[in-house]
Every structure is written in C-alpha cells, then in structure tokens.
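Consider the two complexes below, in which chain A is the common component and chain B and chain C are the respective partners.
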Partner chain A sequence: MVSLKFTLSPEASVKIHDALLCLTKFSESVSIEARQDKLSLTALNSSKSAYASVSLEASRFFSSYSCVPSQGSTEGRFTCRLYNKALLSVFKGRVADARGRESAIDRCEVSVQERPDEAECRLVVKMVHNQGVTKTYKLTYESVEVMHALFDKNMAQNRWKIHSGCLKEYIEYFGPKTEQLDIYSEDGRVTFMSFTEKISDGKNILKHPLQTAVSASTADFEEFSAQEKLHIVISVKDFKAIVTHADNLRAEISACYSQPTRPLQFSYGGEGMHCEFTLMTAGDYRGTPAPAPSHAVASRSISRAQSTASARTDNHPAPVEMPPPSEAGSRVSTHRNKVPGSTRPPASSNLQRLQSDPEPLFVPLEEEDRRWDPAVFRDEEETLGWDASADNDNAPHHIFRDTAPAARSATDDNTEGLAPTQRVSQIRGLW
Partner chain B sequence: MATTPSADRDDDPPLFGAVSSSARQLYQLLRCIAFAPKAQVSISEEGLRFSVEEHSIMEGLAFLDKSLFTSYNFAPHSSTAATNDAVSDASTSDDPPVFQISLVALLETLQIFNIADPPGGRPGYPSSFTTGPTAFDNRVLGLTSTCRLSYAQPGAPLCVILEEAGVTTTCELTTYEPAAAAGDIPFARDQLALKIIMRASWLHDAVTELASTSPERLTLTASADPVGFALGATGSLGSAVMDFRSDLPSTVTASSAGFSSLLETFTLAPTYHKPGRKLRNSYKFASIRAASRAMAVATKVSIRADEQGVLSLQFMIEVDGGKVSFVDFRFVPLVDEDAEDEEREQEAGP
Partner chain C sequence: MRFKATIQNIHTFTKFTASLASLGPVAWVRLDEHEVRFTIIPEQGTQVWAVLSIDTIFEHYTIQSAAANVINLEVPLIPLNRALKSALRATSASIRLTKKANLPFLVLTITTNTFNRNALSSTTGGFGGGGAHAQSGSTHDTRDDSYDFHGASPSHDFGGSGRERETVVTQDIPIRVLGQASVEGIHEPRCREPDVHILLPPLMQLKSISDRFTKLALGSRDGGTGGTGGGRSAVASGLGPRLEIAANMHGCLKLNIRTDAMNISSVWTGLSNPELDAGQVEGGEEGIAAHPSTRMKELGDVQGKSEEGWAVCRIDGRDWGKVMSVGRLGGRVIACFCHEHALILYVYLSNNEEGGDESVLTVSDSPAVD
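Let's look at the complex of A and B:
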C-alpha cells in the first residue's frame, strides 16, 4: 500500500482538465499510476488500438508530491482506474475560473484514502478556494493493474516534428464525417488526407465516400525524415484529439513510426507534462508495384479498420492490395491475455523492406520470452504490446519488443504459394 | 382589442388591472419558480403573489410588488358585489382572489416578444440579467413595450395584453380553482436554527458541482466551531462536499465589516454551539436543484432553517431597472434516521 498525496496549482489543475478532456476521447475510464517520480494518466480505447498517456513529473508539475511506499513494501506504485466523467466533473468549472471569475481555486489537494481502518477507499480531491470555500470530492475507484503500450523508438525511423498550431489548422479542413487519416509524403510535400470509405449494403449506401486532403511543404515541419510514399493510416478522431490538446499546450508534436501496421507514436510535452499516444496504424506503400500480400498486414484488433479494410477490398476500385478482413479478433485478445508483458511476433513482413534491408528488422527476442509465445503462426498479427508488469527496471518504460524470426519464416512459407499481385478476394477461400 | 384600464373603468371595472412597462421583469421573476406547470395566484393590495408547489415538500413563491407596475388597480369591494350573484358575494369579502393558472403558458406569453433571449440560458455564460440589455434588445432599439394584466372577476380568465412596436398580442389564460389544501409549508420564523446570508452565486456553484455526482439527497450541515456550513451529496460515482468556512471564532454571529466576504451573516442557534454539535438536515436534491434558476440570477441568498429543519431560501433578485424583488423557496427536510442516531450518540458521548 502506498500513501499518495499531491497538490496542484490552479494552472496545473486546468492542465489536468485539458489532459482528461483529451483522454476522454479515447476511453471513458482513465487509469492513474503513481510512482515516486511521476504520475501518469492513461487511457486505452476499447479495441485496444490506441493508447494515450500523460505523464506528469513529480518535481516540476506539482506544487508538492509524495508517493511513499508503506513499511515493508518495496513496490512504490499506486494504480487505479476511475470514470473519466467523474474526474472531469471535479476538474471542470475550474476552467471558467481561470478566466477571472471570483471562484478561482487557490490550490487542489489530491490524496488517496486507502487504509485498513477505513471502510471506504476513495480518491479524495480537495479544491481549496481563497474565500473559504472548500470542495471535497471522494471518488470511488477500481484498483487495477495499469497497462502500458510498448513502443520501440529505435525501430521507428520515420520521424517528423511540427508545431501543433499548423496541425490544428489542417484538422479544421477535415470533413466532419471522415474517419481515417492517411499521412504520406511525396516530392517534398506532406499530405494529410482524411477519408471515409463508401460502405453500401445492396442499394442502401451506409456511408458516403468522402475525402479531404491537406498538403503542406516539408519546410513547414521543424524536422522531417520519413520515407516517401509511405502511407500510414490512423483514425481522424484520435488525431484530432491529440492535436487539439497539443495546441492547448502550444507544444510541438513529434511523430515517429516504422511502417504501416506497426504502431505510431505521437509525443509532445512541456513544463513537466509529457504526453505520448501510441496508435495502431494501417496503410500501405501505394507507390510500390507489388506490396506483399501478406495475410496479416492490417491490425486486426482494430474493429473499425477491419470493416473499412474489407470494404476497400470489395468496393474500392484502386488497384491496391489490401489486407483481408480479420477472422479472429477474439482469438487475438485471448492470446494477448495469455502473454502479458511479453511480445508479439511480427507478422507483417513487407517484402520490399526485407529485400532492401538484410539486417533483421526486429530486435531479437530473448529466449526466455519466446517460450511464452503462442504456438500459432497463421494469425499472428500486429497489435500493441502491453506491459502490465510492475517492474520495468531492466527495460526502458515504453518499448515495443517485437519480433520473432521464427514466426516470420513461418509466415513467409505460408504466403509463398501466392502470386504477389493476386486479389485478396480470390485468396480468401484459402484460409 | 387592446382595452385600456380607463376604458374598463367606464363600464365594468375589473377586479384587478395592472400595467407594466416591462414584461421582461415579470418574466425574469416568474421563471425562477417555474418548476411545476401550475402556479397559484393571489391578488392583494400590495401585489401579486405567485406560488408553486411540488408534492407539498417544496414551495416556490414569487411576489410581484405593485412597484413593479406603472399602474396597479385592485378593487375588491367594487361593484362586483352588487352586480354578481350571491356566490361571488360571499367570496369577495376580505379574502383576496385566489386562482390557479398555467405558469408554463403565462411564461410563454410574457416572453413572446423576447425571442432573442433563449430561455435556457447557456450555463457558464452570464445571462443577460447581469450583463444588461443586448444590442438587439428592444429597449436599446427604442421600441416601447407594455404589458397589461387584468382579471375581471372570479372565474374569468387572466387577460395578458402585450404591446410592442405596434404589435399587440392578447392572451386569455384560463384560471382554475385554487388547490384545496393550498397551505404554505409552515416555517417557524421565530425558531430559527440557522441563518446565513451570502452571495447566491456561491450556492449556485455548489449545487451545480454537487449535481455532477447525480445524488438523491443533499445534506446541509452547519457548525459554530469552526464557523461555517457544508453542503454534501453522495452519488454513484462518489461523494462531494462543498464547505463554506470562515476562520473567525464562533462568537461572531452577526454581519460585520471584518467578517469574511464569503458569509455575510452566519447565525446558528445556541443549542448547536456546544463543541461537536452540528446542525444536520437532508433535502431532496432534485427539489433544491429546481431552485437553481433563482440561484443563478439572484445577487444574494438568505438560507434559513428552523428547528424542524424546514429550509427557506430567499433570493434577492435585481430586475431590470435596478429594482429589487424577492423569490422564496421552502423545502421540507427528509427524515434522516441515520443522522438522528448519530446525533443521539454524540449527545450521549462526552
């Protein structure tokens, strides 16, 4: 058990509110993990394809912070999960106060009431006003282990960095109903294209196709080094939430990613707050003649990507090979649960990448870890990696330790018999 | 058919007739108590009294003083007794006329020209109440408006005539028999347990905050040491307590210049002055919340509770033109067995 207590200045509590507002776009619940040196607020969406984390430095962000492990305990962590709505309503209102209403708070004290002699475990938030008003909220929480997405920055060679103000301008042009965002660069211009695929059921058109493309020169970026014509597709909603929050902080957003179907990470921060968003991506190399028809290209855990991917295969006229629809979403989640903190073997083996890069693409797995890998190869696919383990001492915090050469060869064998350009619809019957 | 009071006086003078230069003032006050569809109206020499009640546990009262009207005529002992039959003869003794009216319809009528002012009022934004007229307000545009109310005799409809910029709207609102058991909630003014005067916006803020926990009941606690009171609520997501404390010693009970700006007045009955003793009452949260419209627009609120726990909230509302009006609410407490047990334990203890 840990005794956790911290105090926030009015500005910091407004920042917490902004962060919660951003996290609420990902999930209705927010997880709190307190360590001795930092506190992190995380949200994981229901399809586990997007992970958002806001970590607050103990020494810089808080007026005072103490997270002390109780006697005899070595684990200095407090983790819990609660409804974001409840937290938001606590920190709400303070936003208007920052604009000069007289009910502005003086400070905000947060502590955890979790003692054996107390019947109720509560997260206690105390808003202290100058004029003698104190608002005390005791929120119920769920004691859970917090999951973090693992992301290996070393593997992500495509990087760019841009001021959030620019991106904020771009997202305003995105059609309100568009769902996905394709980001690619070509001839010194970066294009952000938001789109919705047409979905029809017989005569009924369920979704009208819609596309909005905003393109900007790479000169607008602070830093840009990404592969040309590499299409990376994420959700517009997530992107908007991230950009809006970053714009509030007037921060510069960095993105890094390796290739479609691998996670992409946005990060920004400042003044003791560091935000990281790890998103699963879809997409392909549109510019290349023969993309690998690997059966496990798309992130199958993204249910929305699933449906649109299949729609594309069936309806989209573009001569682009798309991954087949997922067939085993539930299976994925079950074996993910079996190997928490372990790694996912890669599934997507992009032929082009393999040819051009003879070096192993992935960090080799430790022998010990591989023993826990599921013995299934066929459905191996990319998902976010999880780390729910308490001790991250031997590994950096956010790492995507992916790879398993063995699994990859199995994958390759499997796809050998297919001509690279065969329609996915034709091969679907094979498995 | 805009009939003027002078024209009325010629043939059959109505029992009641009044002219206001601003229907808005009436609307602003009556909107505060619009938590039930029907209001009971009683007319007297001093003004119009609108009362609204809900299940006999909550009561709202708005008094439209005659000073709000440019002309106010009330003739209880006029020719009505002579011309009408024996039934109305009996009723027009000294009792002021009482009838019920659809408050929803009356409010609709009064704001028929005020389409620029959305009745909902966005939360977090000051209403035009406090900021004054907007650029599109008729007073700014130089349009004059009048509102005439008349009630000819018992049983007759309440006639509301609104004139604005040459457009006249005449509404006849059906009046209903007064409710049988239309007694006010008894409130013992001479046995006050608690009296607080503070800015209404604080109360509004507190009730809005508590609403986020979607609670069933609101608990009011007050203590003399430290001086202050608290509003608490418990909902499914947790509990919240709004504490209003003053650092001054408990001996200060009257308003004084040095008193905290938070509580203008704080008086707690001597029985609660013993250490550890607390005043504690619970009310239905939804009822208290029904008064939040008044909390939002009022400048000051007087919170009083009598020995039985009946809560009275009196709001001082500045209407357009700088006049001050009052809107009252009364709430019957919920029987809180737990709290009573606790108090007994506390009394039994040292």
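Let's look at the complex of A and C:
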C-alpha cells in the first residue's frame, strides 16, 4: 500500500488543468501513476491508436511530494483511473483564479485515501484559498493498471523539432472538419496537409471539407532530419490538441518517427513537466519505391490493439487490486484463442526481438529505464507456462503476449487454469 | 477552361464572402472578362445578386473557356470564406481553377511572411514580451478587422531577432463547374419600380436595433400569451417574427415590431433620398416624373408623423439580421421599397480608386406573406 500526498502551487495547478484539458482530447478517462520520483497522467484513446502522457517530476513540479511505499517494498506505486471531466472540473475554476488574482488559491493539496480501515477510497483534492476558504473535493477512482505505450526512439530516424508557435499558426489554417494530417518534406520544404479521405460525388462534393496544405521551409525548424517524400499521416484532431497544449507552454515540439504504419512520437516539456504523445500513423512513400505497404487507415488501430498487453508487475499489491476492466480481459482471451499455436518464446529471445522490433506499442512498462527490464518477462513466464511451438522465429510480431493479471480470479478465465501438459493443437481438437 | 488571378483586396473579398455566407450555403459564380457575379437564390428568403468589377478584388486576371471566356461555378461559401480568412495576414494570395483526381477545385495559394520566432527560448517561462504584437510590414493592414476569425491574433512575442520566414498555404475549395444551360435562367431579381428609395443609416445601428426587436418578439412569443396577426402566423409557419420596415421620401425610416404584448417602433429622420439619375431610369425625365417615388414625395413629412407616404415591407426578423451582415463591407446602402411587395438593398462598395466601377451587391427580400 502506498501513501501518496502532494501539494501544488497555483501555477502548477493551472498547468495540471491545461494538461488534463489536452488529455480529454484523447480519452474521457485519465490514468494516474504515482511513483517516488514522478507522477504521470496518461490517456489512451478508445481505438488505442493514440497515447498521451504527461509526467511531472516530483522534485521540480510540486511544492511538496511524497509517495511512500508501505513497509518493506521499495517499489511503491499508486495507479488509478478517473473520469477526466470530474478531475478537470476541480481544477477548472483555478485557471481564472490564478490569473485573475481575485479569489486565488494559495495551494492545492492532493492525497489519496486508500486504507483498509476506511470504507471509501477517494482521491482528495483540497483547494486552499487565500481568504481562508478550503474547498475539498473527493473523487472516486478506479484502481487499475496503467497502460503505457512503448516507443523505440532508436528506430525512429526521422526527427524534427520546431517551436510550437509555428505549428500553432499552421493549425489555424486547417479547415474545421478535416480528419487527417499528412506530413512530408520535399525540396527543403515541409508540408502539413489536412484532408479528409472520403470522396463524395455529385451534390455532396460541395460539402467536402476544405483541404489545406501549409508548407514551410525546413530552415524554420530548429532541426530537421527526415526522409524526403516520406508521407506520414496522423489525425488532425490529435495534432491540434498537442500543438495547442505545447503552445500554452511555449515549448518546442520534437517529433520522431520511423515510417508510416509505425508509431510517431511528439514530445515537449519544461519546468518539471514532460509530455509525450505516441500516435499511430498511416501513409506511404510517394515518389520513391515503397518498401512498406501502405496500410489502410481504418485497420491501423486494430493491428495495434493486438499488440497491446496488460502485464503487471509483481510489486503491486494484489489484495487491493480490483479486477481489471472487462475490456482488457476479453482482449486477452480472444487473443489467446485466436493464435493458440504461436506461443511465448523464451524470455531471452523475447527480449532480443523487442530490441530489434518496434512493433509492440502499448505495453505497460513503467518508465523508459525499465523498458528492458527482464523481470517483467520472468513474471509472465510464471503466469503463462506453455511453449508448444518449436519455431520461435516464425512467431508473429506480438511478442508482448497478453498476460492476465494474477489478481483476476482463475474462474474468470479458463485458459488461465490449463496446465502446460498438452500441445495447443491437441487442445484445439476439443473445441 | 482556365481561370487564374491574384487577389489584390483580400479584406474586401473575405468580408464579401462572409456576408454572402450568412445568406446561403452555396453561390453561383459567373466569371467573365469584365466582372465577377455572385448569385444566391435560396428557396425562400433573401436573394443576392452581386456584381464585382474585376479590379475590386483581382489583379492579373486570366480567364479562358470554350464558352466565350465565361466560366460558371457553384461555390460553397463557408469553405471559400474560411480559405480567404487564412489569407488575411498574407503577403500575397492567388486563386486558380484546377482539377485534382478529376475533381474541380478552386485553389487558393497564400504566402505569408512572418518573423522567425525560433530565436525564442523553448522554456515555458521564456516569454517576456507580454504579447506585444510586433507586426511585419506586410500585415499592417489586417488589425482593424473586427471579423478576424483568428480572434487570437498571435499572442506570441516576436521580440527575438530572427529572419523572416515564408509559409505557403494552399486551400482547396471543392466546387462544381456548371454548364451554360444550367445557368441560363439566372437573372437579376426583377421587380417593379420602387415607391421609396432611401440611404440607410449605419447598418450596425440598424442591425442592433432590429436584432433587439426580433429578440423581444421571440421572447414575448415564448411567453405564450397566445396571439393574433403576424406573430401567430409566424409561429404556425415556424418562421421568425415579422419586422415591419417602412420609409418615406422625406428621409424617414421606421422599424416596427408588433406582437400581442407590445408595439415598438424606432424612427430615423433626416436620412437622404438620393435623386434618381435620368440616365438610369426608363423614359428619362418623363420617366422620373411618372416614377412612383415622385408621387410618394407629395405625401408624408420630414418628421415621419404623418400616416401617409410610407412604403411598408414586412420581413422575417432573423432573415433581416442575416442581411444586415453586409454591413461589414462598409458600403453605402440604398434601400428600395416596393410597398407591400419587396425590399431591395443596393450595396455600393466604395473603391479606393477614383473613377473605379462601383460594385453592387443587391439583396432583395421577398415580401412577407401574411
């Protein structure tokens, strides 16, 4: 059990508000993960094609911060999920306050009430005002494992960096109803083109949204090194949300990506706040031979969702953990049933493959340093114990196999209880 | 078929399209070697017939087509307006007709030069300028635009020393090319000679008062006291409340709204009734003598007290509010009243150049059916 408590200055409260506002553009719920050295707010959209994370450094962002693991354990962690609107409304009024200085808050205290002897588990936010008024908000939360997207920066060789103000200017040109954004460079100019894929005929053609292309010289970028004519397509809505937030922070946005159908990451930050957005991309090479097939936009999220895993780490206190969301559970079991023949390779090759393949995206890894932590896989080895196929090399790319959290009762999942005594092919005959 | 031009007066063009966009979603545009014509004929409500001389908005104008160098297009106004808005701070903008994947588009190419902001530090606290709008020379004339959609004009400071950077924006507006046959029937709204013509007071004033009247009438209708007359029939037909607009030939304009609960009117006096130009009226001097407005001059008074001499039109309040949006163009507006029949507004854009052709925007409101 972890005791979490932190205090925010009025300025930091405003930043939290802005960050939450940005995260609402991705998902209606926000996940909080508190560790000893940082707190992160994350959101994963429903199609799992976009992941947003705002991490706040314990020492720099907060006035005071304590995340103390209970006796014994060193790896204390608190994770939960909230309805973003609820959290946002707590911080909403603060925006005007901190800027208007009228009924400004003095500080904002947040703590978690989660003890076995208390009937209610709540996230408690106390807004302490200058005039001696304290407003206390108690929010219900869902205790869940937080999913994080994995992004391999080493694979992403296309990189650029630009001041958010420039991008803010560009997005203002975009038509309001366009859906997709194509980013590419050609002859020293970078083009951001917002468009909508559906082409309609006849009378409806006039209702087709405006297609806007904004092109700027690569010299306007802080740095630019990306392959020419590489078209990378993301969602306009996501891009707008990111740019708007970055512009609030007056930050420089960095983008890095490898190729279409592989993830792209935007990152920016400053003053103890670090934001990362991992987005799935579509697109293709035009003009150059295309080694990568251009995937249909519609299918990209699906293919990505399959590589989503919900592993858990052993340090999380099992007794208090609620069952995982049913969505995760169902995905786990369908996944199992669909590809019974392809089973887990040994941990070592697993790790190796991970390094060479950026395919698995959304994996619950805790932070960058621990990305390669074999402990996670060892843990998985214990919970999942069969290996029916000899040819690991031909195993599909979903190397982060979905592993059910141990907290789930075995009765929920029949597959879970099967002893590793038979080949999968044999089992298959029974169905 | 070729059409290509540089837009020389982005502001006028933008405001113009914004005015039109409030009256209908789609306009028929006819381009030829001398003028550009915009027509909106909705199923009901206000018709627009607007003629702009080429040099009001364009420069380096090229047009070519098999049909005697005339091109007819159907253009969605909101995207056109939206595209033009992105050119408000432009250094240069051009428009051309093109085909992409066999679909016709009007492509607006906009070049904007701004000072590079990259010199700014990336840290969050690094803004010292406090939102001072240092403008590059090319954008000096854009700030007086109260319709500027950006609302948030860049709140960044341009304090850092940087070089100028160039951004090129292209906006593709989907259009339809119309055949000669389908546009043959389009003609300027015809109507009998007006009884009264009068130069309207500043439209902002007129708009705010008429909007207020309309709102009051809507409010009292919601009060649900039941009713008779105009208010009732409006409810039945799902239309807005009826404004009664009247004018006489002695410089008076009256705006009136009548519901069960109230009867409010506003009267302007001392407006001018422009003299008719004998060259423009059918029959010359004699035509003027026989013109309905000449007879109307004999009735009524300059105070607007008399019951006589008024030419009255009833119009939908909400519709009128949309028509008033032409006020943003800042032109002179002459209203022509055909008693109990129609109200036609002629909007004359003031061109900067002396002797330039006046561009006319005609807005005609069909009579209220009561």
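FYI, the second predicted complex is superposed on the first by the 275 of 431 C-alpha atoms of A that agree within 3 Å, B and C clash if a C-alpha of one lies under 4 Å from a C-alpha of the other, contacts with A are read in each partner's own complex, and residues count from 1 in each chain.
Methods note: a contact is a pair of C-beta atoms (placed from the backbone, for glycine too) under 8 Å apart; a residue touches a chain by one contact, two chains touch by 3 or more.
On a predicted model such as this, the values are computed, not experimentally measured, just so you know.
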Contacts of A:Val133 with chain B and chain C, given as first, second, both or neither: first
Contacts of A:Ser89 with chain B and chain C, given as first, second, both or neither: first
Contacts of A:Ala219 with chain B and chain C, given as first, second, both or neither: second
Touched chain A residues, chain B compared with chain C: C
First (chain B), second (chain C), both or neither touched by A:Gly188: neither
Interfacial residue positions of chain C with respect to chain A in the complex: 25-26, 74-76, 79, 82-83, 86, 101, 103, 105, 114, 116-118, 120, 122-127, 150, 154, 156, 165-176
For the chain A and chain C complex, residues of the former touching the latter: 162-163, 165-166, 168-170, 172-173, 175-176, 189, 199, 205-217, 219-222, 249-252, 268, 270-271, 273
In the complex with chain B, residue positions of chain A that touch it: 83, 85-86, 89-90, 92-93, 96, 103, 122-123, 131-140
Chain B residues within the chain A interface of the complex: 124, 201-202, 205-206, 208-209, 212-213, 228, 237-247, 260-263
